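After this come two complexes, each holding chain A, first together with chain B and then together with chain C.
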Partner chain A sequence: MALLAVSNLATEFKTQAGPRRAVDGVSFAVERGEVLGIVGESGSGKSVTALSIMGLIDPQVGRIAGGSISFDGQDLVGLRLAELQALRGRRISMIFQEPLSALNPCYTIGDQIGEVFVAHGDGAGPATRGRVLELLKLVHIPDPEGILRRYPHEISGGMRQRAMIAMALAYTPDLLIADEPTTALDVTIQAQVLNLIDRLRRELKLAVMLITHDIGIVAQYADRVAVMYGGRIVETGPAETLLIAPQHPYTIGLLASVPRLGTGRSRERLREIPGTVPSITELVPGCRFAPRCAHRMARCGEQAPPLEARAAGHDAACWWTGAA
Partner chain B sequence: MGILIRFLSQALPTLLGAVTILFLLLRMIPGDPAQAMLGADATAADLARLRQDLGLDQPLWVQYGVFLRSFVVGDWGNSIVTKTPALERVLEALPSTLMLCVAAIVLIIAISLPAGVVSAVRRDSWVDYGVSLVVFLLMSMPQFWLGLLLLLVLSYWLDWFPIFGAGEAGDLLSQLHHLVLPSLTLAAGFLGLVTRLTRSSMLEVLGRDYVRTARAKGLREPVVIVKHALRNALLSVVTVIGLTMGQLLGGAVIVEVVFARPGVGTMIWDAILQRDYPQVQAGVAVFAALFIATNFLTDLLYGLLNPRIRV
Partner chain C sequence: MPALILKKPKALAGLLLVAVMVLLALLAPWIAPYDPLALDPAVSNQAPSAQFWLGTDFFGRDVLSRMIWGARPSLLIGFSSVAIGCLIGAAIGLAAGYFRGWVDTVLMRPVDVLLSFPIVVLALALVAALGPSLLNLILTISLLFVPRFARVVRAEAMALRELDYIDAARVAGQTPVVIIMRHVLPNALAQIIVTCTVFMANAILVEAGLSFLGVGVTPPEPSWGNMLAEGRNNILGAPWLTTFPGVMLTLTLIGFNLLGDALRDILDPRLRGLQA
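What follows is the complex of A and B.
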């Protein structure tokens, strides 16, 4: 059984036009020790998927409207807050895109990492301090003693993201959700941080959900890939086959916009698919990618294509089958 | 060291500016101080002599120089009414006024912070609407009017609180009893402001990424809200509380007069009515110094709370 099995997840937000789905019927699974890459342009629902798993959708503005999130056999949807809190930071951890804003400016790095132990009942004290130091060493922070006493604004972006990772690893979680962990970093630092995550997942047997809009990163680090568009998964499969023989025009477009895999940033190049992701208030009938699709057919605007197998473990949601 | 430099470069010039304005204001008040001091039946010769004694026949800039000199050396003159040193009388009245202000600040913090936090955390709930309504009422009520209303209902009709005075000297309980209504009245004008501000800064901070991180770590809600959100929201709240100190001191004058409570406020008030200029001058100068001191302390506190500007 998979460690995490998300099935038919739907997450909606309140809008002026009523509730609208940012994630609409998403299903995927992550095995222990596996990296699942989730890729898609800005606004495709990657973060909302991650936050839904964490139970961090702000109830004032949104809710999980349907589906299930089975984690180690337990459904996280509808779980009591106290039970969720016991899982967060202990068995499921998350790191965020912008480490500067994700860290509290008023507390030292040591305090913010140590807090995870306090939250899960291990108290603060010399033992905790020792564990924090070990974590900082684990993520290869030079001068861990010094960093402990620093405030987030006093250290570099790369160090901040390492500190975030250290925080996420406090209890060696089963699942690590990394939401665009390197988007805010320089290219060289980006590679260091990703290599660190890769090393840790092998050493600690973590399951990793690596969210990115850079398909180059996915090619390098993911075992399996899920491509998201408009709140749905449009294609999913093992990294090798999906990247070599993409089936969905959106995936093809993403790949075509990267001249050489694994080099540099792709923010600008991603725009080479004409048009933009629809906002959640735009009601696109049928396939949501159809308005931007080069292979659009009449049927695409009427009926949403289901995810169907194209090869072993490789599914695509598209009426067009010309890629095969 | 940095603190000393900041004190010298910020607080001192402000104080100088304040006493200069005070000097000019007192000279702009219509009427002749000499006449006021000697009374309506003084002879022209007496008036002329007193003017000479007071230096009122000198050009304004000379008067200013003399004024500054005596101000700096602490020779603030005698009250015309009691003939005792003006500064001494102010310092005697000061503890009562400080007690009133401190009580008001304690009330503001004890009421407004929790109210603001709760209405932010439960935004758009009945609690939030209730708090907003009370805030609206408080902000639209003039202070003296609220004071009179409280007096009428709680003291006159219900007889729960004393009507005037500051309580027996040395009897803390009686003093606190006398403090309740005045400090509540003084606080009232600021409760609304600080509650609203706390609510809006909390709302802003609750949407920040680090609050999400705190939740993602498995922290419980009270810890998330107080340790992570409130701590950051306090940065702007502290500044505003500090900046309203001037208004608080001004409000203390009105409250002391309404409640016939001894203090610097009533003293200045009486001195104005009696045209006791040295006394007014001393009272207002001490208020100005207090005001500047609180602003300075606010700055220091902000620096302590905010690691990003800590030196």
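What follows is the complex of A and C.
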């Protein structure tokens, strides 16, 4: 059984026009030791999916309207806050896009990582300090003793993200959700941080949900990929086959918009997907990608296509089958 | 931070003014030349002279001594009512701003009701009901500042709760109380400190106003407010009776306001260094 199985998840937010779904019937699974890449543009619902799993949807503005999130056999939807708190930081961890704003400016790195142990009743003290030091070594921070006493603004972006990862790994979680972990970092630091996550995944048998808008990162680090658009998964499959033989026009468009060197295409104008992601308040009937799609058919505007198998473990939600 | 205060002339002026007033209040028994309550009809309504530097009032009491002693109720009431108001108001604001929803509604509606009364009207009504005593004055003025603190701190908490490190703390499994105390409060502290200094000036002004109206510090105990009230009848004949307490009051308020301004600039890293 998969470690994390999300099925038919629907998360809605209050809007002026009434409740609208930012995530609408999303299903996927992540196994131990596997990296699932979730790709999509801003507003595709990928971050909301992550927040739903962590139980961080602000009840003032939204709620999980349906579906289930099964983690190690336990449904996280409707779990009491105290039960969630016991899982968070211990068995499920999350790292954020912008490590500077995800670290409290009032505390040193050491205190901040130590807080995780305190939160789970392990108290502060010399033993905790030792564990924090271990964590900093685990994420290959040079001079861990020095960093321990530093404030977030005193260290570089790459170091901050490593400190965030160290914090997330405090209890060796089963599942790590990385929400755009490298978007705010330089390209060289990006590779270091992603290699670190990849190494930890193998060493600690972590299941990783890697959320990104960069399909290049997914190609390199993910075992399986789910492409999201308009709150739905439009295509999912093993990274190799999905990236080599994409079935959904949106995935094809995403891949075509990545610049490549030395393939003869480098001098061509980059191809973009016309139009923008529909806003949450826009009600697009049928397939949500239809208004921007080059292969649009009459049917697309009326009926939403279901996810259907195109190859082994490779599903796409599209009426058009011309890519195969 | 102390170095930063010393570098700014306005900040230094504010700090000095406040320090002088606090010292006057603390050292009153030793530096006041006369007993502030001692009556001497022989020297009634004397103008400032070498013997009585700031003159005497109708009962022959030394104005300088009364003015020095008068700093005590002003500062005591200012400090304690701001402290109490801040403690309760900040707690309400933190809870309301962090939890939102029904907690916010339940906590903030009474706050809004209190805010809808003009300060002096509410204070007069409360002191009239409770009876004038130092403790009642402090409690009344505290109550005036609870809703004002709650509003300011709630706004700050609402802004802070949206930050990533609050999410990060929740993701790490921390409980709401711990998140509020260890993550929201420390980051709201700068705002709270600045608000305290500004409200201190307001509290002192309210105390003076109530004493002036006769429901504050009761004569013969001196306070700047009741000295103004007593001197008012003879403001042309003996202007020293009203001028000096008025100047003290003004200087104290300027001091707290300058200090508050400077602290705001220093504690807000975005403004630091912008103003010389």
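The rule is short, and it goes like this: the second predicted complex is superposed on the first by the 312 of 324 C-alpha atoms of A that agree within 3 Å, B and C clash if a C-alpha of one lies under 4 Å from a C-alpha of the other, contacts with A are read in each partner's own complex, and residues count from 1 in each chain.
Quick note on the criterion: contacts are C-beta pairs under 8 Å (C-beta built on N, C-alpha and C of every residue); 3 or more make two chains touch, one makes a residue touch a chain.
In this text the structure is predicted, and so the values were computed from the model without any measurement.
> So if we stack both complexes on chain A, do chain B and chain C clash, or do they fit?
Because the two structures are overlaid on the shared chain, the partners are seen to clash.
> After the superposition on A, what does A:103 contact: first (chain B), second (chain C), both or neither?
In the superposed model, A:103 contacts both chain B and chain C.
> In the overlaid three-chain picture, which partner chain does A:59 touch, first (chain B) or second (chain C), both, or neither?
A:59 sits against chain C, while chain B stays out of touch.
> Once the shared chain is lined up, is A:43 touching chain B (first), chain C (second), both, or neither of them?
Neither partner.
> Would you sort A:151 into first (chain B), second (chain C), both or neither based on which partner it touches?
In the superposition, A:151 touches chain B alone.
> Taking the superposition as given, does A:94 touch the first partner, chain B, the second, chain C, both, or neither?
both
> Let me check the overlay on chain A: which residues of chain A are in contact with chain B and also with chain C?
Of chain A, residues 54, 56, 60, 85-90, 93-94, 96, 98, 101-106, 115-116, 119-120, 164, 167 contact chain B in one complex and chain C in the other.
> Sort out for me which residues of chain A touch chain B in the complex.
Result: residues 54, 56, 60, 81, 85-90, 93-94, 96, 98, 101-106, 115-116, 119-120, 151, 153, 164, 167 of chain A touch chain B.
> Quick check: in the complex, which residue numbers of chain C touch chain A?
100-101, 163-165, 167-175, 178, 182-183, 186-187
> What residues of chain A sit close enough to touch chain C in their complex?
Of all residues in chain A, those touching chain C are 54, 56, 58-60, 85-90, 93-94, 96-98, 101-106, 115-116, 118-120, 164, 167-168, 170.
> Would you tell me which residues of chain B are touching chain A in their complex?
123-124, 208-210, 212-221, 223, 228, 231-232, 305-308
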